[in-house]
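Read the structure below first, then the notes.
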Amino acid sequence: MRPSDQLRDVQIQRGYLESNPASVLYRCGKTIVLCTASLESSVPPWLEGKGKGWVTAEYNMLPGSTSPRKRRDRSGKVDGRTTEIQRLIGRSLRAVIDLHKLGENSIVVDCDVLQADGGTRTASITGGFIALAIAVEQAVAGSSVGNGPLTDSVAAISVGLHGDEVKLDLDYELDSAADVDMNVIMTGSGRFVEIQGTGEEATFDDDQLAKMLKLAKKGIADLTKLQQQELSR
Amino acid sequence: MRPSDQLRDVQIQRGYLESNPASVLYRCGKTIVLCTASLESSVPPWLEGKGKGWVTAEYNMLPGSTSPRKRRDRSGKVDGRTTEIQRLIGRSLRAVIDLHKLGENSIVVDCDVLQADGGTRTASITGGFIALAIAVEQAVAGSSVGNGPLTDSVAAISVGLHGDEVKLDLDYELDSAADVDMNVIMTGSGRFVEIQGTGEEATFDDDQLAKMLKLAKKGIADLTKLQQQELSR
Amino acid sequence: MRPSDQLRDVQIQRGYLESNPASVLYRCGKTIVLCTASLESSVPPWLEGKGKGWVTAEYNMLPGSTSPRKRRDRSGKVDGRTTEIQRLIGRSLRAVIDLHKLGENSIVVDCDVLQADGGTRTASITGGFIALAIAVEQAVAGSSVGNGPLTDSVAAISVGLHGDEVKLDLDYELDSAADVDMNVIMTGSGRFVEIQGTGEEATFDDDQLAKMLKLAKKGIADLTKLQQQELSR
Amino acid sequence: MRPSDQLRDVQIQRGYLESNPASVLYRCGKTIVLCTASLESSVPPWLEGKGKGWVTAEYNMLPGSTSPRKRRDRSGKVDGRTTEIQRLIGRSLRAVIDLHKLGENSIVVDCDVLQADGGTRTASITGGFIALAIAVEQAVAGSSVGNGPLTDSVAAISVGLHGDEVKLDLDYELDSAADVDMNVIMTGSGRFVEIQGTGEEATFDDDQLAKMLKLAKKGIADLTKLQQQELSR
Amino acid sequence: MRPSDQLRDVQIQRGYLESNPASVLYRCGKTIVLCTASLESSVPPWLEGKGKGWVTAEYNMLPGSTSPRKRRDRSGKVDGRTTEIQRLIGRSLRAVIDLHKLGENSIVVDCDVLQADGGTRTASITGGFIALAIAVEQAVAGSSVGNGPLTDSVAAISVGLHGDEVKLDLDYELDSAADVDMNVIMTGSGRFVEIQGTGEEATFDDDQLAKMLKLAKKGIADLTKLQQQELSR
Amino acid sequence: MRPSDQLRDVQIQRGYLESNPASVLYRCGKTIVLCTASLESSVPPWLEGKGKGWVTAEYNMLPGSTSPRKRRDRSGKVDGRTTEIQRLIGRSLRAVIDLHKLGENSIVVDCDVLQADGGTRTASITGGFIALAIAVEQAVAGSSVGNGPLTDSVAAISVGLHGDEVKLDLDYELDSAADVDMNVIMTGSGRFVEIQGTGEEATFDDDQLAKMLKLAKKGIADLTKLQQQELSR
């Protein structure tokens, strides 16, 4: 059994699609997310002529990613959970990019979940950042993280509270059992980008909060190393 | 000028609509939200036959609530921000209710913003709780907070980081200037229900997080008193 | 009991929202409508370059305005009744404005029903005219009704036929009992703008028509006085 | 030139579609409407178990019915004009039927405009009534107008005010020139079902109203005879 | 009983609508389709500035065209069958037109089915071609088939396999009984434009394919003669 | 360069998703389709109580599957091409299954295109059949192709006409250059399930048709062998 302070096994395959180098197959335990970053030489209407670019994300679960099968989102109404997740991914990625240095270009990061076993939103951020970094390198020749539009890296992890025990990187089973679920998004340099702690039908106190944040920092540090390894290949 | 650790002026008018005692006009500075709780003697399909009830919320800004006028949401696609807010309100209210004690009944809390000047989501939670409490009293005769379905009260407040200064209860102007915006939802007994800290194009560290949480607790304590006064009338 | 030729008690509160002077809280018995007029310095595409402006209206009932709660209109399909009512409000307001004198500007009059007890469409017209007049005054300095874009005032009232008895200003209970329901919209100077007489599963003859029109004229004259008082403050 | 108190040439072809005897091709000048009544052995959910039936109408203009071509209504949003018209047709037809005598059956009257030259809504009512009467005869053997579910016949006509002149049965050209447009729906026995008088950017007085109603009555009487002839074949 | 290699009775009425000469009422047995071609002096955005035109088709069945009544397509989602059919009609018509000779103009061919008894898609192509040819003659003066934008004529017919017997021009009853249904679209000069052979829950072999194609060619030749007669009037 | 009668390199990976054995990653040249078959113990409403099952398919291209990025289908309107393709996949799979032997169960075959380089619909059928066969084996223990619900196998391939040359298995480049594009779907035993030959702005004659069909048969025979190998592992 996995220790409660250890990440699931992570495998990262960059350039998964021949047609797009900025495509990353990100596996974290049984969770599999295909992240692709696409560069477009335009910006949304409300940014036109401002000399800066834009980064956005779209998130989707394939019907076969869950059991029982998830119905395909074709009603014209993206469900609330999906909307929240893709907004979170977009904000997280934008926290580490200087949009002015991107010029009037957009990058869309698509995160399509092929198999879901908990942690799909944090996998999307961690894997999506790698796809983004590759796309930025292509858009701005000679750039790298910290040297060009990207000011830092970003990664995300979940922590949970089950009774009084704190656990890192919740898979579906752990997530279902947790009283409180917290997603922490941090930069490679150790600053918070976003904290979302939620106790559906439960609450938590200061001590528990402190424990969860401490564990999250450890997880983020581990993920940051994996990102650096993959990007330096 | 308002001190940075002080709430805006709050006015609460319960029974605002003659046709529904569980209607609350909640004012917080210039922000005005009409919260109404409606009891329905049925539950959503996925809860039928489980002997428990449901609480949900809907949030909407009236077109005239902002300047320039906000377009009415009639495209069939509720925008992402609205979806996030109403899911947050619903989760927050459900954190302080024992749904089994509600029987197979639903309560919908509608939060319609008549005038928006920052803090509409936190006003919706704080005012919406009062409407909910009145509706619960009607549904379960003789019940009150702590004695019946409601296990505690819940309130919400925003805190912001501007440079290195921390501010309580952001109005629109303060919110626009803030680098980091954090919404804190807590029970009357002082436990966290939800923490959402977001730095769009900014980040924060441990110290700043601690300062923001401390200030939020003070604000929640003040709001809890106001809720108790109104409910004991 | 209210005499059959007398209006319900009317209360008008202009400047209800601090952020918009052209906001009017209109109460007529238990019916409460918030009317706000918003000026936009553009016209719909089909009017561009024609040197004239546009006035339109949107009507909506808040979920808490009725008991049982009215479902929020979020399907992307505005229901037929709502469409009819907002088209009627728009036509009525346009009947008393010289759109050429408005320049290429639009005014949207939002009528949001906070509490519904019959007569919401006529309240929206009568109250909406006041909001419109304030917005026009702001758009065209020095203008007033009869002197500037507004050529006249407009007000609306319902009359009903119950058996052979004619009644003015139907509340929900009277409206439900009526065999024939007629909405009459007239200018302050006493000309018809629109007559809509409908007998769902009932019919009416010439005499009954004459009686209903006579009573409606009395009601319109009373409302016109109230509008003038409020606008001359 | 047609006298101002005379109807356009009317041609009625019942049983136009071999597959449905209750199909009527109704021509009025150049306006052509195909009216078909379809019987369904069920009622809308809100009428189930009440022992009465329902009559409703749908109205649609074919793309080739106007020049330039009218875009097909496939956006999922039926436009406001269409909604108003089909609600009017439905109410008018229901005014002459005793729904209890229909049993728990529904009749849908479809009015599809093949060619539009003004007066499509009144043609739909006048022609739609014939289709309805045939369908009722089939549903309730031995019934006829006045003897069975149908208590009377119903027909509709437009009248217009152009300057101070009053005109009957407006085609597109006359309708465009008219200051005030009034649609009058009456029973065969001469009672009003609905009056809709509208002055878009114009108003009218008592005398003008009286003249318009008088002319409308003449037109309705003429149409009623044509309906009786067709139904007695 | 109709021989298995003979078409149903075809009747073609050009100029059916006074307002548009390019309107054709096409009857084939009990199937009735109203085809109207409308010329628009613009092209879709993706063709702008390329010096060529566009031809497209829309297909629709009226509610009264089938028994039981077909629900009107107002959900905003055109059903799959309708989409397939109108794409097929458009491709078939474009196969015989030189879009460069049309200039930057569009022609929309609307095919509205008034009565459906099998073969509505093939009737739409055969009748739609006549409407198109009339519209092209109007758009490009002096042009005719083979001399101007239209390089050839096009017609369509169905053939079916029932057991081992092959049948031409399936009406609803024959179509329901057929194991394999094949639609063949050919030019007047005898070349294939499109072949669609489908065995829902059945399959076919080379011999059967050969027989079906042979019979289809005979049917197309007969239809081509009828088209030529109508266009030479 | 690949000979014109040879398939692209095909790679099939069954059980690609740990959570569902009936998941197949199908590669054909650069085209990659993830096919997953999901069993549901219910049937669509129109099949209830008839003692037979249902097989349907859904097709989708991921945004990153093409360059430039394909917009995600979230408008509520599935585009016409997608609708046609998924209807074709469904019909093709149903041609080789005895739905009565499936009992009242449904199988949904999802075909999600990860990378698109031509032939995605034929890959979806060929790969989708393998996923279907695995799901059927699980649903009906002891069954295999020809022994149980599946009466035969099914595969699909495209052939094209470029000038007078015929080519097998068109990739994107070949497809764009082809004058005529034909998709042929056949059973493992060599019978036609569906033929769709389309010449957008081109036509073809009998000889060309014969050549295309001959080449398609060779391709189908090769694919059938690959399917058998994979299923016998």
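Observations on the structure shown:
Residue numbering begins at 1 within each chain, and the chains themselves are lettered A, B, C, D, E and F in the order written.
As a working rule, contacts are C-beta pairs under 8 Å (C-beta built on N, C-alpha and C of every residue); 3 or more make two chains touch, one makes a residue touch a chain.
Predicted model, so just to flag it, every value in this text is computed and none were measured.
Within the contact network of the assembly, the step distance from chain D to chain F comes to 2. Both copies, chain A and chain B, contribute mostly matching positions to the interface they share, with over half of the numbers common to the two. At the far end from chain D, in terms of centres built from Cα atoms, lies A.
Each chain gets a centre from the mean of its Cα atoms; for chain C and chain F, those two points are 60 Å apart.
Rounded to whole angstrom, the centroid-to-centroid distance between chain C and chain E, based on C-alpha atoms, equals 51 Å.
Multi-chain contact residues of chain E (touching two or more other chains): 76-78. The assembly's chains link up in one ring whose order, counted from chain A toward chain F, is A, F, E, D, C, B. Here chain F touches chain E in the complex through residues 76-78, 80, 83-84, 87, 91, 94-95, 99, 187, 190-206, 209, 213, going by the rule given at the top. Note for the complex: chain D touches chain E at residues 17-20, 23, 30, 32, 34, 36, 38, 40, 58, 60, 62-69, 72-78, 108, 110, 112, 114-115, 117.
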